[in-house]
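Heads up, there are several structures right after this.
Across the two complexes that follow, chain A remains constant while its partner is chain B and subsequently chain C.
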Partner chain A sequence: MIDFSSPRHRAKFGYLLLAPAVIMMALIIIYPILLSVDISLQDVRIARVGGDREPWTLENYRWLTSSAEFWNSLWVTAKMVLTVGGISLIIGLATALLVNQKFRGRSLARLFVALPWAVPEVVATVIWAWMLDSSFGVINWALLKIGLVDQAIQFGSNSTAAFFAVCFVMIWKGYPLVSIMLLAGLQSIPEEQYQAARVDGANVWQRFFYITLPSLAPVLGVTSVMTTLWVFRDFAIIYVLTQGGPIGSTTTLSILTFEQSFAFFRMGQGAAVGVVTLVICAFISRALVGRFANSVH
Partner chain B sequence: MQKRSYLGTFGIYATVIFTCAVLLFPIYWMILTALSPRTQLREFPPRFWPDDPQWGVFADLLATQPFGLWMWNTILVAVATMVLSLTVGVLAAYALSRHRLRGGQGLGLFILTSKMLPATLLVIPLFAIFKSLGLVGSLWSVVIAQSTLIVPFATWMLKGYFDTIPPELEHAALVDGCSPLGALVRVVLPVAAPGLAATALYAFVISWSDFLYARTFLTTSESKWTLNVGIATLKGEFVTDWNTIMAASLMAAVPIIGVYLFLERYLVGGLSSGSDK
Partner chain C sequence: MATIDFKNVQKSYGEVHAIRDFTLHVEEGDFCVFVGPSGCGKSTALKMLAGLEATTGGTISIGGRDVTDAGPGKRDIAMVFQNYALYPHMSVRSNIGFGLKMRGQDKAEINRRVEAAAETLELTDYLDRRPRALSGGQRQRVALGRAIVREPSAFLMDEPLSNLDAKLRVQTRSEIVNLQKRLGVTTIYVTHDQVEALTMATKIVVMRGGVIQQIGSPETLFAQPANIFVAGFIGSPGMNFFRGPVEVVDGRAQTRFGEQVVPLSVAPDALRGGEAIFGIRPEHLKIGGDTGTPVALGLVESLGTEKILHFPTPEGQAIGSLQKVIGSDDAGRDSATMLARVIDDRRYTDGETVRVALPEGKVHVFDPETQKALS
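== the complex of A and B ==
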């Protein structure tokens, strides 16, 4: 029996505590990632572990570069990241500034503003699917009423409308977290800076551009990277709302990966798309990790 | 803080009320639709107030759909994931927080980056592994798959809480002859109880929201469906029965919204680390 309380064995105790987590992550994260690279290098339809295996080939990656579907989904993902990320950041910042004001009922307002974050993605999506319904949806009714459109928008069959429908749901679901993070950032700016600026005669806009924005820059950076990765990863919202359609207009890389693997059962190709997505995400999050790494230790 | 004019105060309240109204409208619409008589949903203009709330919709839901089963499966998965990730997470987080271990920093970074893994990629090898283990169609497949996200997350969150607890606390216990594990269980964990509760509830929320894994691994075995798979399937049916779907959605969302109302101060508080005081 080792006496873990003696200083000599303290480190051993630490490693012992760490062991379950390390073993688990090796088994359920690292091994599967290596396996997915392996699958992407094989010409397989339904991947298996053990048994016969196909020889390694670059066939799936060759398919990828010459496939219109892949380039389309890359383009759709980029458009979606910019739309969802841009709008979430702008209204998130506006909301954070609003609920950072001092007024009675502020905590209740903060509670309400972040509430969509707590609605499960599938639930959020079916609510919006109903509101966007082309025959009886409340949104089409409102648009017709105020005369913005003269006939109901077919969110199911019009490519542009379907794309923006997906973006709406993502923004509604994802932007509360953006505003919470930005609010936390705002609260960490010392009040003295604003007071000093006020004494020097700076107006509201000057205070915003010379104090708020620069102090918020790191949080804005982290938040936008997080939103980007979230759009890259998201599956439920797109799949339940449009299944990637119509004609691929909402097929992101994530949806293409799933579709190739579990609708067409071409897991080799699906895994190749997934591996490319992983590499892109890794590059994007380098910015995030770099920032966090400084604050880790 | 200078005094704000009456006009300014009015402006703030007007904006706050407008923002909340727009944001909360979909939730209101879900409740309203669930309670509306079926025929009213096909009327233009839509009604904005439930004149004739149909409370029977929830009984209908239980009678016509295996809703109770979906709910039960979802609870089983969420509780199992929560217990698993909290157990593994507490041990690892405590080690990372208290011991300066070789490779500890690397592990910390790994935990952070695991959040960026595209889940649709991970689902392919996991499917192959579960297929060979005969786990496809079992709730365990979903528990294990969700742990890929939740274990790193719980570990990271718990490390943050342990970092705020002074190590002198366990040192005193160790001097008094307590074993290191005893010090963790009897001294540190009770102090970290709010953090444990917050992490557990987060794990619960993430698990409850999962759709991808349940959709992939459980689709062919209807008796194992979770709420999200069930609701998504109802939505995909040819004739969409919106008030049943909204009733199911409402019941699926209520537990999570309840948890959120409890968690909210940790959510903001944890991120801003008390600078609001």
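== the complex of A and C ==
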């Protein structure tokens, strides 16, 4: 019998305790990834696990490189990542700076900042879909009343409007996480650094650029990775709001994966899009996390 | 270089008065130490001088200029913080030069002055490192460098040594004093450590509960404490106190310490009532002579030739609850134990009976009501 309390065997006990979790992870994370790689290498319409399998081929990837749909969705995804990521970072930082100040009702303000995050994605999107509706929506009504537009914006059929409507809802849903993360980052900056900077004669902007931003850099890095990956992966908001339309203007890589696999039943091609998405995401997170991890002091 | 003046400065947080009637004049080139137990308001006073805290009343001037409502950057001061407050993402060079950069100095000038400051503080080899790659003592010097490079009219230091280990603290203490003497910049230094205060200051401000207890040179504070609190706070080990009767014989006041009659240098008129509180420093007690009160030693702490002898206060002469007033840093010292500090080659053993005598002229007399010193 091994005595697990002895220093020599203590590590083994740790591994023993970790084993179930590691096995579970392998089954529910690694296996599906390998499975989708496997499907992407077969020229199949409907994949059946355990059934007859097709020989491995690069046909799906060949289709990918020559498909206008794929390049379009890659472009849409990139635009969306930059728009949503950039704007939610700015709004998140602004709200974090705001609720980091001491003022009456701060806890309530913090709650409101975080609220959109707590609303289920589909529920939030359905509500926004109603508000953005071109016939009954409150947003068009308000825009018409104020006089910013002469006729209702067709969020469903105008490509640009649809793209920005999706971005808007994504930002609305995504900035609270950024805000919460950055608030935690802000709170870890020692007050003395600001006091020292004030004694050194730094004004409020100088304190922001020389103290706040550099101190937040690691958190900003991690947060932008998370937001980027979230935009890459997000499906519910786009699908509920526009289903990828009109004419592919909101078809991101995840929407394309879904369309190919479950609308057109070309699972091989769908899996190929998914695998490419996975590779892109892995590279982005490696690059960003690596870069910002280096600047962590 | 500049004078610093506080005039009736007040600070309150709602109902709580953190600082009351703070009035102080610091001469050009003075090394002034604010000392007191934690929560006495010394750091608050310093922060008000720095402009990091608003005053509730009164005025503060630096070099004759009223700065009560000026921002910290407009007071021409530099501050060293307890945890150094170095900017972790900047090199030592940028840390030291930050204040100059914020004031819009040109690059060459900043570089020249940073390098001069680094040389003064022996930091030249570390200029391109980040603060995290430095030891505690080096970080401390960077913080000092940040202060001296601007050549401000005053240095403010908030417990700058408390994060260093004991040996480095003593070494840095003398470095700071030498630096201050060389630069001649008026310095306000906050500490809770009376040893630091005594060794560094030219002027000490003892504070308690937001009120100044006494202002004076280290010698004055040591020899003529204004009240029981200052008497107990300054000196290590702290002063011994005992309660004693006041008798007047032939027009001279005297008291008793156990069997010994102790003549007092205080005029009998000053002594109201039949009793007073007396204080005697541990190093002033005469041990082992032929006269004095016999006491049984409770504990002997030997530091080689120097010894600290503990013995009980003569019966009925303990000061009881007044002990709480005393700000001595020997924690847990009880009111019924007295200490004597002797430097001799004699061996003392626990339980041994020796005679303790109080020399004339070394006994401090305090009013039991007001706790003020009588003279």
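Of note:
Following the convention adopted for this analysis, the second predicted complex is superposed on the first by the 277 of 297 C-alpha atoms of A that agree within 3 Å, B and C clash if a C-alpha of one lies under 4 Å from a C-alpha of the other, contacts with A are read in each partner's own complex, and residues count from 1 in each chain.
Heads up, the rule we're going with is that contacts are C-beta pairs under 8 Å (C-beta built on N, C-alpha and C of every residue); 3 or more make two chains touch, one makes a residue touch a chain.
Bear in mind that the values here come from a model prediction, so they are computed numbers and not experimental data.
For the composite obtained by overlaying on chain A, chain B and chain C can both be accommodated side by side without a clash. Judged by the number of chain A residues each one touches, B leads among chain B and chain C. Within the superposed three-chain model, A:22 lies in touch with chain B and out of touch with chain C [touch as defined at top]. In the superposed model, A:152 makes contact with neither chain B nor chain C.
Contacts of A:206 after superposition on the shared chain: chain C is touched, whereas chain B is not.
In the superposition on chain A, A:161 makes contact with neither chain B nor chain C. Within the superposed three-chain model, A:196 lies in touch with chain C and out of touch with chain B [touch as defined at top].
Shared-chain residue A:97: touches no atom of chain B or chain C.
The three-chain arrangement built by superposing both structures on chain A places chain B and chain C 80° apart around the Cα centre of chain A, to the nearest 10. The superposed arrangement places chain B and chain C with a least CA-CA distance of 5 Å. In the superposition on chain A, the residues of chain A touched by chain B in one structure and by chain C in the other are 198, 297. Touching chain C in their complex are the following residues of chain A: 190, 192-193, 195-203, 206, 210-211, 214-215, 217, 295, 297.
Interface residues of chain B facing chain A in the complex, by the touch rule stated above, are 1-2, 9, 12-13, 15-16, 19-20, 23-24, 26-27, 29-30, 33, 41-46, 87-89, 91-92, 94-96, 98-99, 101, 104-105, 107-110, 112-129, 131-132, 144-145, 147-148, 151-152, 155, 174, 179-181, 205, 208-209, 211-212, 215-216, 227-228, 231-232, 235, 242, 245-246, 249, 252-253, 256-257, 259-261, 264, 267-268, 271-272, 275-276.
Residues 50-52, 71-74, 77-79, 81-83, 85-90, 98-99, 102-103, 130, 132, 146, 150 of chain C are the ones that touch chain A when the two sit in their complex.
On the side of chain A, the complex with chain B involves touching residues 4-5, 10-11, 13-15, 17-18, 20-22, 24-25, 28-29, 31-33, 35-36, 39, 47-50, 95, 98-99, 101-103, 105, 109-124, 126-131, 133, 136, 138, 141, 145, 172, 176, 180-181, 183-184, 187-188, 198, 229, 232-233, 235-236, 239-240, 253-255, 257-258, 261-262, 267, 270-271, 274-275, 277-278, 281-282, 284-285, 288-289, 292-293, 296-297.
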